[in-house]
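All chains are identified by letter, namely A, B, C, D, E and F, in their written order; residue positions are counted from 1 within each chain.
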Amino acid sequence: MPVVQVHLKAGRTVEQKRQLVERITDSLVEIAGANRERVHVIIDEVPGDNWGRAGRLLSDD
Amino acid sequence: MPVVQVHLKAGRTVEQKRQLVERITDSLVEIAGANRERVHVIIDEVPGDNWGRAGRLLSDD
Amino acid sequence: MPVVQVHLKAGRTVEQKRQLVERITDSLVEIAGANRERVHVIIDEVPGDNWGRAGRLLSDD
Amino acid sequence: MPVVQVHLKAGRTVEQKRQLVERITDSLVEIAGANRERVHVIIDEVPGDNWGRAGRLLSDD
Amino acid sequence: MPVVQVHLKAGRTVEQKRQLVERITDSLVEIAGANRERVHVIIDEVPGDNWGRAGRLLSDD
Amino acid sequence: MPVVQVHLKAGRTVEQKRQLVERITDSLVEIAGANRERVHVIIDEVPGDNWGRAGRLLSDD
């Protein structure tokens, strides 16, 4: 525990994902007292034509 | 708010996804009083061999 | 299929949820050709102190 | 009902996914009394550089 | 890894949930070769008026 | 965008959740270049008898 799912628009670099995992894990360990070994962060990269905001596909904006 | 995740079998057209996003957003605005600008709809397209119903993969049916 | 998860701030009435389920199901049947009997809509009502936007809990706004 | 989402590292064979769907569906029918026809199992295959454990990407281990 | 989310209608006993966790974990270990210590099963119990199937709330059926 | 779901064992204080939302939002803005106003963090607090690890309910450990 805990398990974090990060849904974001596709296109980040591996290095950005590496840093996100590290920083999010740190915050759960430091703030919520989580056991570092058991923190899972799952990144879901979503294409622009699969994400709608305000009724429009991101790929249409 | 709100955030809607739509899991469906892969294979819809961009136009279908465009209409789904619009109609689902409309229903959240009209029925739940959501702020249109803050409604997110995330479409998760699932291949037939990653979706099981009644104990069988869709790709086996 | 499909399965829709609707995450929204807690506090809607049963009637609002009834209409949301109906309207979202209709859009999946009419736009995506889904089989009405197999459309699932799961509503996740989230308390204000469990939802953050722009770095702040909704309950703090 | 019920709906099961299985997030696991990408790379399993179709046969493994076939067996997972069958076994998970069986357990929900036998233990939770679910209606077999309405059990959905959605497998989310996650690449190693989208999954972090203990603050590190799996692809870095 | 892996992480399994089980969404089902509220009302199962702790013993049923205990058995579900055990059986689902066994299937991931035996079929997908998962490391038992790292298998997480998260059960989401959904009230009848938060689950819609075929356009109707379960609580209305 | 982005949307983050944090599943963790129930029992954190509002202040811990406030800090988690802030720190996770900061990391998405600073690392992934997200628009702060559009970052959503949804915290899912899970009771011990709804979370299984290594085949056992947390509430049994």
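By definition in this document, a residue touches a chain if its C-beta (ideal position, glycine included) is under 8 Å from a C-beta of that chain, and two chains touch if they have at least 3 such contacts.
Since this is a predicted model, take the numbers as computed values, not measurements.
A.B. asks: Would you kindly count the fewest steps from chain D to chain F, each step being a jump to a chain that touches the current one?
C.D. replies: The fewest steps needed to get from chain D to chain F is 2.
A.B. asks: Since chain E and chain F are copies that touch, is their contact same (over half of the numbers shared) or different (under half)?
C.D. replies: Different residues, largely: of all residue numbers at this interface, under half are found in both copies.
A.B. asks: Centroid from C-alpha atoms only, then distance chain B to chain C, rounded to Å. What do you get?
C.D. replies: Taking the mean C-alpha position of each chain, the two centres sit 11 Å apart.
A.B. asks: Taking the mean of the CA coordinates per chain, how far is chain C from chain F in Å?
C.D. replies: 19
A.B. asks: Where in chain F do residues touch two or more other chains at once?
C.D. replies: 1, 3, 7, 20, 24, 38, 40, 42, 44, 51, 53 - these are the residues of chain F that touch more than one other chain.
A.B. asks: Chain pairs that touch, all of them, please.
C.D. replies: Taking the chains two at a time, the touching pairs are A-B, A-D, A-E, A-F, B-C, B-D, B-F, C-D, C-E, C-F, D-E, E-F.
A.B. asks: For a test of understanding, state which residues of chain F touch chain B in their complex under the given definition.
C.D. replies: Touch list, chain F to chain B: 1, 3, 38, 40, 42.
A.B. asks: Within their complex, state which residues of chain B touch chain C.
C.D. replies: Contact set of chain B toward chain C: 1-9, 12, 16, 19-20, 23-24, 27-28, 31-32, 34, 38, 51, 53, 58.
A.B. asks: Help me check something: in the complex, which residues belonging to chain A touch chain B?
C.D. replies: 7, 44, 46, 49-57, 59-60
A.B. asks: Taking the touch rule as given, give the residues of chain A at its contact with chain D in the complex, in rising order.
C.D. replies: Going by the criterion above, the answer is residues 14, 17-18, 20-22, 24-26, 36-45.
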